[in-house]
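Chain lettering (A, B, C and D) follows the sequence in which the chains are written, and residue indices restart at 1 in each chain.
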Amino acid sequence: MDKMPKWADVVLIPLISLLLAAIISALVILGIGEDPVEAVKLMVDGALGSTYGWGYTLYYATNFLFTGLAVSVAFHARMFNIGGEGQAMLGGLGAALVCLFIPWPHWSLALIAAATGAAIFGAAWAAIPAYLQAKRGSHIVITTIMFNFIAAAVLNYFLVNLLRPAGSMDPATARFPEAVHLPKLHDILAPLGIEFSNRAPANISFLLAIAACIFVWLLIWRTKLGFEIRSFGKSEQGALYAGISPVKITMIAMLISGALAGMMATNNVMGEAERLVLNSTEGAGFIGIAVALMGRSHPFGVFLAAILFGFLYQGGAELALWTKIPRELIVVIQALVILFTGALDNMVRMPLEKIFVALRKGKA
Amino acid sequence: EPALIFDLGGKFDKSFNEAAFNGAQRWAEETGETFREIELQSEAQREQALRRFAEVGANPIVMAGFAFADALGQVAADYPDTKFVIIDMVVDAPNVRSVVFNEHEGSYLVGMMAAQASKSGTVGFIGGMDIPLIRKFACGYAQGVMAANPDAKVIANMTGTTPAAWNDPVKGSELTKAQISQGADVVYAAAGGTGVGVLQTAADENILSIGVDSNQNHLHPGKVLTSMMKRVDNAVFAAFTDGVDMETGFNVMGLANGGVGYALDDNNASLVNADMQSAVDTASAKIASGELAVHDYMSDDSCPVLNF
Amino acid sequence: MDIFALLDLSVLDSTVRLATPLLLACLAGLFSERAGIFDIGLEGKMLAAAFFSAAIAATSGNVWYGLLAGIASSLALAGLHGLASITFRGNQLISGVAINFLAAGMTVLIAQNMFRQGGRTPSLIGEGRFEGIPLPFAEALRDVPVIGPVYYEVISGHSILVYLAFALVPLTWWVLYRTRFGLRLRAVGENPAAVDTAGVSVIGLRFAAVAICGVLCGIAGAYLATGLQAGFVKDMTAGRGFIALAALIFAKWRPWHALSATLLFGYLQAIALRPDIIESALGFKVQVQLLDALPYILTVVILAGFVGKAIPPKAGGEPYVKER
Amino acid sequence: MTVAPAIELKGISKAFGPVQANKDISISVAPGTIHGIIGENGAGKSTLMSILYGFYKADKGEIWINGKNTVIPDSQAAIAAGIGMVFQHFKLVENFTVLENIILGAEDGGLLKPSLSKARRILKELAAEYELNVDPDARIDEIGVGMQQRVEILKALYRQADILILDEPTGVLTPAEADQLFRILHRLREEGKTIILITHKLREIMDTTDTVSVMRRGQMTATVKTAETNPAHLAELMVGRKVLLQVDKVPAKPGAPVLEIENLSVHDEDGVERVKGINLQVRAGEILGIAGVAGNGQSELLEVLGGMRGGTGSIRMKGEELPLHGPGSHGQARRRAHIAHVPEDRQSEGLIMDFHAWENVAFGYHRDPAYQSGLLMNNAALRADTEAKMAKFDVRPPDPWLAAKNFSGGNQQKIVVAREIERNPELLLIGQPTRGVDIGAIEFIHKQIVELRDQGKAILLVSVELEEILSLSDRVAVMFDGHIMGERLPHETDEKELGLLMAGVAGEAT
């Protein structure tokens, strides 16, 4: 009894929306006196035209996957976790401590431990707002915003006062030991006979992120816990009726959310920088919100949205390299993509629905 | 074709990056040639930009900012024929020129001037993000203040602990007002875009301010006591001029070789009297000759005259 | 220990200035959210207004034109938010996020195109900015104990927009609780179907609310760039829109409470700029990072300790859909 | 020459996407009459009336008011044409006062003060005229549904409506309140106003209306004079088959006590004591009906028993003490103790409206090992289970993938009842089992309840419908102000006596 066929819903509408975003973006590029065709060529070529480009695109996408999933899980329990940024920062701290202070024999063990450490730190950072929401009714939106700021201060303290190697200018930790360096996609794909650039930072964390997607999908749609999270998110009163404890679900959903955000550290801290720098998260926590919203909080949608944003980031970097277009152009394009695929979705959907209902009537 | 990479602050930060840009621009105007440039957007792009420029044959590649050290350490060996120049940090590789500045020396000089210009005996320092480099500025400044007036008081504030601290003029402005209410009548801003707010408020409130990195005296003529010049522009200009055949190695830009200094021009001529100028010039000469040593915060993470 | 040091007049003065943009944005959000339209795009609207007010003030040399331009730009973004969330019943959070990004990018792009100063406007001078206005008798009363200095230091000498912002609190209260428009506005945020079946246009009301939100954000942004500062710097709102949103929730969507909340936030921001006062009040030195985080930590503590559950307008965040 | 009809609908059609809610409907209602509309859940009654009131726009068709072709694009136009409507789900702003709700949209001038005082005056007059007393300064969420309905009626009268539409007005009323409502309606008719009444209760149609229309699957199947028809005929017209209007059951054979309640007290969120130390027993094989005016503690009693809130005292299930403490949620423990619970409010409690039917069939029992395979839920098994239950309970459409919100009220209730009864519980808690449900479905649900009893299970029934209580229960307890006012056997009592108990008059408090 749907108004349109599923393919139109899933493929056609997003495509038209993206097209609209692209058209407006082109107008903006024209407006600042540059050639949009050339710009698009550069972006597509730079981000998708080589394994090198893909390596960067996927690297960024990995970050957004983790934070996007984090926001999604909280959304399913009807909580708006704006704190992904802070949770990811603390996750970075967790990963760094694990990598720096424990001698690891092999990267695989280190990855498991660092992912765990990052998840625990991220979850811990989400736990306080979650507890306050569950027990004291303090609005999670405010507390997570506040915890982002507090996280920045905590990280700053650790990096400037405790973890900075003596004599270094950089508020950053020392480099992680060789043993914990993660294999890049290049190393993973080479045995399969696939040539992938070894210059790009995409690494095994990408696979971890995909595993996280599958995990979240199973969790939310295939387990009792996910059932309870979704029930609670849809109706608190209903959850109470079904014997689902609001306090428990609030805590669990936020802990999972925080843990996912924290695990981003395996990619940016452990995989790319191989040390913890002050602004390692670079707003990925906030992009995660956009990614989750665009992906409709579904892991597959989140995956596609994360790739799209990865593309924009990498494509934007290429633009900045070879043209004089200010880097803010990419921010504008991002905004337009979010606007058209997310907020103005119905602008495309409503007329299409009418067309499909009319077509069906015509046939019937 | 040479290339210049700006740090995350962006090329028009009115101070550090902009100074680098000015140096490159000057070179371009004088030689009529062109150069490549990029403003970074993310940490991951550091290495990316270095490699991409190296791969298309840009040479030399100059990067403005200590944060590049790590990436350059990874990349330099892969492109032995490319010359790299890093500013504000030392990277030990055969094809790298490391340019560091003795900001504490320049800050010492403007600190002396601040103490002399101050009527209240209280002067202020407003830093951007709280990182060791900025503490280095603050510590040199405080030493200069103490040297000129041992009874003076230095109020030092940092704007924040996140990169946003480089771009919050409103907070810079409030910090200035807060320092004024504590008696400060000269403030030194080492805070990137935040400094714009500091200088503006100082001018509005009729106290003196001190600019940083570039010559900022012109921003509020007659209101900016001086600027601590960090001649990043010269470093970039020199690198571009030296070109592919440059000498690599460790390059300290201090008072001795004009790498740092204070700005004196028409805009602040009326503020700097002869006494002041001669005292500062004397100190400058002593520092240059090594007779006077200014403590460098980064050498031991502490400052003898200022508590962070 | 000297707790009274915390009431330092210059801190209170600074509180007023720092609270003003928060208050304006908070009231802006109040109108919008009371009508059922959530708005996390306050930040973006403020930023756009900050830029356009500075840009037009710089080019025209008249700050009033700047103010108008700021309001107009904020209104345009508000219109976009309305289009997305009212007309096309889109997700209000997504729309807000998009508007924040759009403003962050467009302001710098246009600024760069217009002024070539790296995304900032030239510094505003003379008629291009709002100056502080000394209130009557401020000088004369200055020596009267207690009241005099407070009047002189804290109350007098702010720009006109500050007084406007404070006047807007009772005005907002009056509009909301004493006028037909206010009644309908609150109703449409609680139960749009009730408004619809009572023969009033839900869409019209919501657009009106969103437009008011746009105007107030516009004033907030203009105050930042032309009152507090003398020009636009990129990202100069520095998260104030989000703090205002926090204040709005804190205030439980009520005008007088919004005043208290934003004053509190303003105060926490102001006191964090004064390590000396904190040190003398507490008796020990506070670590700089802790100082930086202090306003946020205190907010959480207050929120957890003293403020009960904040219940948003019932229909908030949901588009009004009659036919599924 | 005859008088023009007050309302004439010509060829009204309305589709919601692919759903054809109204198909070419025409009716005509004479002025000064009460016209009834009946039909199964989802037949399109509310849609038709909402079109008349300008809430929805018809795809096709014309509306004639008092002989004039009138375009009604929105409710404003409807109000201007003298139409008022009391919706099935009230359209009130909950945190506004009565007065504010009355004037909303009908204010005079930009300031509230004059409007409020004028409304206060008119409200007084209306109250006196029609026995419509309400406290003008009470907040809507503080008054009962009966009161809320009065507010809705007052809203229409305040706007000087000549045509009043009421959509299932008695679903939430006590018998006394319902009687009073009908007195008001008759009074309004005497004054020449025209009334359209949607209801599922044939008795109301027979007692109140002058003419009646029957709707089925979006179409108008018949319009007849009430005097010329009878309930059985109407029921057949609407369902399309013969319907049993009486519950058919054999006498109960009560066994051992299953549920024992001792000295149970419950406080609500605001600390008000809603249940005041009651004692009750429900035995195997019997239906204990709890009658009472809404808001006298029955809801809280059900919620405590269902594990949704805490209380003090003791409840034992087959001798086993059940946890009572805390505001937390013991719902899972209750289910493990074989207590099933059909909540009073299916939309906000019994179902998750956005969930698929099959998810709703698991709702509350999602931890059942039968629904798991390993760590994951066995959704295929669940869907199969759902299809079986849908078939058995004749849920329409029998599509496990349809979201709960897309089922009509009666079918939603069938899903909840199917879920709970099919667990074969030792104790069934069931609140308002047939609220807003059409007679075909009522018949079916009642039959299921009785069958469960006949299998020797205990049933606690809470309903504000006295008729339902009397026809289903084996024993009736009446609640008033948190107390049990007395227990009666249904064949030894009548509506009058129960009504008095419900009003707190007479009877021995236990």
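Worth pointing out:
Here is the rule we use: contacts are C-beta pairs under 8 Å (C-beta built on N, C-alpha and C of every residue); 3 or more make two chains touch, one makes a residue touch a chain.
This structure is a prediction, so every number in the text was calculated from the model and none was measured.
Put simply, the chain farthest from subunit C by mean CA position is D. If each chain is reduced to the centroid of its CA atoms, subunit A and subunit C end up 29 Å from each other.
Look at where the CA atoms of subunit B average out and do the same for subunit D: the two points lie 75 Å apart.
Subunit A and subunit B have Cα centroids separated by 36 Å. Averaged Cα coordinates give subunit A a centre that lies 46 Å from the centre of subunit D. Among the residues of subunit B, those touching two or more other chains are numbered 10, 130, 161. The residues of subunit D that reach two or more other chains are 17, 406, listed in rising order.
Annotation for subunit A: residues touching 2 or more other chains are 149, 152-153, 156-157, 160, 326, 330.
Pairwise chain contacts present here: A-B, A-C, A-D, B-C, C-D [touch as defined]. Across the complex, subunit C is touched by residues 10-14, 18, 130, 155, 157-158, 160-161, 164, 167-171, 173-175, 177-178, 181-182, 193, 196-197, 200, 204, 219, 307-308 of subunit B.
Listing the residues of subunit C that touch subunit A in their complex gives 80, 83-85, 88-95, 97-102, 104-106, 108-109, 112-113, 119, 234, 239, 242-243, 245-246, 249-250, 287, 289-290, 292-293, 295-297, 299-300, 303-304, 307-310.
Every residue of subunit D that touches subunit A in the complex is listed here, in rising order: 15, 17-19, 306-308, 328-335, 341, 343, 345, 348-355, 359, 362-364, 366-367, 372, 375-377, 379, 399, 402, 406.
By the touch rule above, subunit C contacts subunit D in their complex via residues 177-184, 186-187, 190-191, 193-201, 314, 322-324. On the subunit A side of its complex with subunit B, the touching residues are 56, 59-60, 149, 152-153, 156-157, 160, 164, 166-172, 175, 199-201, 268, 272-273, 275, 277-280, 282, 313, 316-317, 320-321, 326-327, 330.
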